[in-house]
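The first chain written gets the first letter, and so on, giving A, B, C, D and E; residue counts start at 1 in each chain.
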Amino acid sequence: MEIIRTLLMIPVAFLVGIIFLGLHRKIIARIQGRPGPPIQQELYHLLKFFVKEMTAPETASKPIYFGVVALLIGAWMLGLTVIVNGYNFLILLAVFTMHKLVEHGAGLSSGSPYGKFGGVRSVYSTLAEHPLFAVLAIVYLKTNSLMISDIVAYQSTHGPLLFQFPLCALATYTIMLSKVHHSPLAIVMAKDIVTGYKTEHFGVLRAGILTGESIEIFVLMSLFMLVYIGPAPLWGYALGFILLLVSLSFISALSPMLAPYHSVMFEGSIASVAVLYYLLKGVIL
Amino acid sequence: MITDKLKNFVRRKSFHVTYVDTGSCNGCSIEVLATICPRYDIEQYGIFVHHPNPREADVLLITGCVTEQWKTKLKELYDKVPEPKVVVAIGACACSGGIFDQEGKRTHPPLKNFIPVAAEIPGCPPRPSEILDAILGVAPIVFKDYDKKEANK
Amino acid sequence: MDIGELFQIAILLGFASAFIAFLGFVLEKDDVHKLVLTDLIAVLTLMIIACVGTDLAECLILPALVVGVAEVLAFSELAVAKEKTRLGFEEKTQQSPLNIEVLKTSPNIIAIILILYGAVLTGFTGGAVAGLGMLYYLVCRWEGDITKSFWEGVGAVSGVAWCLWIFGFLLFFIAPNLWLLALFLAGGGILVKVASKMGLIGIEGKRSFRSSGGRT
Amino acid sequence: MTEKNVDVSIPIGPLHPALKEPLRIKLHTEGERVVDAEVELGYMHRGIERILKGKPWNKAVYLAERVCGICSNIHCMTFIETLEKISDVEPTPRAKYLRVIVNELDRIQSHLIANVSYFLGIEHETLAMYMLDVRENSMDALEIVSGNRVHMTWNVLGGVRWDVEDHQLKMILETLDKMEPRVRRYRGMFAHGPLLQLRSKGIGVLSYEDATKVPAVGPVARGSGHPESDWRLRHPTYRDIFDFKAISRKEGDNTARVLIRFDEIFQSMDLIRDAIDNLPEGDIKNRGKVKAGEGFHSGEAPRGELKYFVKTDSAGKIDDITIRTPTRLNLESCVGYMLAGSPSIADAVAIYASIDPCIACTEG
Amino acid sequence: MIGLGESLIGLIKLGDIVLYLTPTTLTLFLIAVGFTVVMALSRPETQVELVFGMDGYKKSEIPMGEIKFRRYMAIVCGVATAGTMITGDIFDFALFVTLAGIADVGIVAATKKPQVLDAAYQYGMTLMIAGLPLFGAAALILGTTGTLSLHELDTIRVSGVVAVLFILGVLGEIGVAPFYAAKARLFRALGAPYIIMIHVSTLLIIVRTVEIIVTLL
């Protein structure tokens, strides 16, 4: 049953994710006062990349160069399994870890200096992003369970956790923000290093990366909704998704790309403030 | 075949554009830049220009009258772009050398001596709408049934 | 005094000393001195583990100690490599690492005593002691050269001794009533084997000193 | 000489998203920090000075204009003014005003595109789009006056190409009125936006002394406290008729350079309004003939001082010509004094965009 | 019943090493093993770098001898990481973490770049110091609760100070933010597969530490 449910959810997650990426771009374009691409544009891009020629640079370390793409898709499918069936959120943390490994591996394996910079930036942004993700563990102290299904069940009796742990919610939101395109925290894909870690991944590989990213955006948004809002009807989730996306797009449109060190400092300070706040709260109260 | 139809469809709907200046006077450059402005908004037609990277390009927009440095690099660049690809020469310089094709020149026009060019837009410089029109006009024609054409070669 | 209280005091003392060592580490600027001070901290780690005071602590100390030693070794190697790359230092003919005057003047009697004592002890420990004596003699005194047959001969002796040891070991299971013979076979075998192996180490070491040009 | 620890040597260009024109900036990096920078030119060298030699002056005007497509008018204007200086031809008063109008319109669009490329450099796409939209208005205004968007060939010996009618002037004024509040808003967004200032303030500082040493010109020099670097102060029309004052700031960082450009846009708008209000009636062209001789003349391009040395013969042909363009100097100050030590590659790209480089000018 | 809400798939007892299989640890273990295999099979990439003073590129490759050494160290690192993921004993965990740390340094120790070696050395210093809080915390857990098994510690609540000491120890050993942020320096060395192994070990150990901390508290 669980397997069937997961398999059914994969195309749904993929389509929702890719349409959301398109919608993200569309909203940014509307803020900029232009018509903007249609919302299915990212899907067209992805299909186009699938039918493009694919070669590997001769400087690349081949197994890793190809392997990371499979790993990215596999990792977020695993993440989707966790979300759909309400498994332990620590596996999601492992999935997120794998995503960082993909960024690093894709960047370093190609032999291009731009990719290398993207990969290294991914490494030190990890130092800030991992604590951000791990902040979710604070929820455990309240609900006494790391199973997402238990956390949802807890909220159905005690109300959304969003109001009890606003700083944790902010941390999770920052994670999402650092993962969408054109966002101020997406330093691994900044313009100054061409396309960052993706520079040398093109053709089918780029299509694979886009697939992984679209499932990723679905998983991260679902995680936010499940952990901080709890049980809601389907339209409630849809509304929540769109609200999240619109806010992400507004932030992406209205801010410049931060310099790498600023970005890491920003994420790091949110994580440390969240941890310290709940630590002190736990000690004093 | 349904797959061929799908391929034609997505290749008509999505272009990644990389812009290369091979020694123009910048006039064409800023007109290309002007195509991304809200008045023309190149992106609404599915043309992506924001992170130009030859590795993911479908359309190469080339301006300028091939200078000494670009003579060898142009071919390298062209080879880097994965198939199927289309080259659009923008401006009089890329088409024929224009005003720079005179005695004492240090350039090697025209562009088509170096790489295959699918479309040429004359003008000094051409207007943004013309550039937009050319990309949208030529790319689908070249990309249509690309795999069949390759097989027949 | 209550044992729990003692544990607390010991732990606190351990951490206090660690804090002092840590201060020393922070104040030190030189890289090599820092390495020495980290070892001090590693020792204090062992002390804290020892505070637990059960036999479990004892078996925890050993791995921690091994890890600490491995770390010190690795990082001192790294420090050397680092300095070499920084100075652009090429590996040239090195001085013998054991160019010590005592090696030439020390009496033979030490080697003899060690070998005799090892023979009395028998077994692995005895082999180690006897082997140490041989090693000592070879490194300090022995002037001869190594031929291939000599090398193979010592190897063969070692092999036969190993067979003796295995045989003695088997004998315990096959014929427990011959335990004394088995014990002597095993003990003598391991003695000869370990001693000869350590002797070979000594020969090899001697030869490498010679070939490196650093006559002891 | 201290030893440098270089982790990665990264090339920016000749084909790079942050560059509009091909050149290669080589950066040695230690971590993210840039420790050394070098620039490699030659991708745009068309040999325009060689082509110009031996051409009759009226043909050379078209070529001189095509040295650069962004600041094309100032090249045309400075070349013609050099010829006028050699041949003792004075433009008519109405032509002087019309030249100022077109020159300042050109400056407005050039400064706008400079700031657009800076905002694209720090990836604030929205502000860049807004400003590109405003720029289209200024391009419309240029098209109204001269009939073309980029290469206008507005200046001819002793005057301008054709006359401007009143309804056209009215349209220009309307366009300016439409543009000014928008540009003011965007200036405010930049000057008070905390994230934008985080990316710009204190990045790429060029000190007053260093700016003197190179010497930097144009908005780069004025951003480092050199108001005297504005050659409009020495230009007869601006000096005598418009009572022109240069703008300068002291910080010398990216913010200063971008804000200088914003402020100069408003200044240019005032100059255009002033010129349209006081536009004298009369001829637009003085008849004249190019004489043999040599001379040099400087004009203030949007990027700084543009210097033409021209030698003509009696038939009106160009014997010898040398063009010194502003980016030549600004690039030197950028690579020599700003890039090395910039805290990250992202900042290095932003610094490069902030000097508003024009490689087509530089290489000729 | 495991407090994390996970079902225990199984325990493998190898003497005093008890392997501890839950969905999380199994996932992490498989990731570590998979990466080690991929890494061991792949050749390093060729880094393209530009040259100052001329128009050209140079390709830097790693010499074969260095590859062998680094591959060996990386495999050690991978095995240590895999062990970290699956062990059910705090003290073993500490040992494996330390081993992974030493192997991390070993991976870059063969490079010839002085700045990378310098960073590795500084990281090594941090690594040695961090042994104190890490092993100290393990000893304190043993001293106060009488057990080192995570399985049993699940039902016992350990004092917060010990947990903080433990976190400090792990953070120091794997060389992240507050102690040694410039570990990123190591990642600029050549040889993608081996360098990624450093990253793999760091990240997976963080994840596992979160799990252990959740178990302890």
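Operating definition for what follows: a residue touches a chain if its C-beta (ideal position, glycine included) is under 8 Å from a C-beta of that chain, and two chains touch if they have at least 3 such contacts.
What you see is a predicted model; the values in this text were computed from it and never measured.
Listed by label, the chains touching chain A and chain D alike are B, E.
Here the chain at the heart of the shown protein, by mean C-alpha position, is A. Distance from the centre of chain E peaks at D, each centre being the average of the chain's Cα atoms.
If you compare D-E with B-D, the chain pair joined by more contacting C-beta pairs is B-D. Of all chains, the one whose CA centroid is most distant from that of chain A is C. Centre to centre, using the average C-alpha position, chain B and chain D are separated by 28 Å.
Centre-to-centre separation of chain A and chain C, using mean CA positions: 53 Å.
Rounded to a whole number, the gap between the C-alpha centres of chain C and chain D is 76 angstrom.
Computed centre separation for the pair chain A/chain B is 34 angstrom, with centres defined by C-alpha atoms. Along chain D, residues 8-11, 17, 125, 129, 133 each make contact with two or more other chains. In chain A, the residues that touch at least two other chains are 32-34, 113, 116, 191, 194.
Those residues of chain E in touch with two or more other chains are numbered 49-50, 55, 113-114, 184, 188.
Across the whole structure, chains are in contact as follows: A-B, A-D, A-E, B-D, C-E, D-E. For chain E in complex with chain C, the touching residues are 16, 91, 95, 98-99, 102, 105-106, 109, 112-114, 117-118, 120-121, 124-125, 127-129, 131-132, 135-136, 138-140, 142-143, 148.
Touching chain E in their complex are the following residues of chain C: 7, 11, 14-15, 18, 22, 25, 31, 34-35, 38-39, 41-42, 44-45, 48-49, 51-52, 56-57, 59-60, 63-64, 67-68, 70-72, 74-75, 77-79, 81-82, 85-86. If you check the complex, the residues on chain E that touch chain D are 49-53, 55, 113-115, 182, 184-185, 188. Every residue of chain B that touches chain D in the complex is listed here, in rising order: 18, 20-31, 33-34, 36-39, 50-54, 64-65, 67-70, 73, 77, 99-100, 102-107, 124-125, 127. Listing the residues of chain E that touch chain A in their complex gives 3-6, 23-24, 27-28, 31, 35, 38-39, 41-50, 59, 160, 176-177, 181, 184, 187-188, 192-193, 195-196, 199-200, 202-204, 206-207, 210-211, 213-214, 217.
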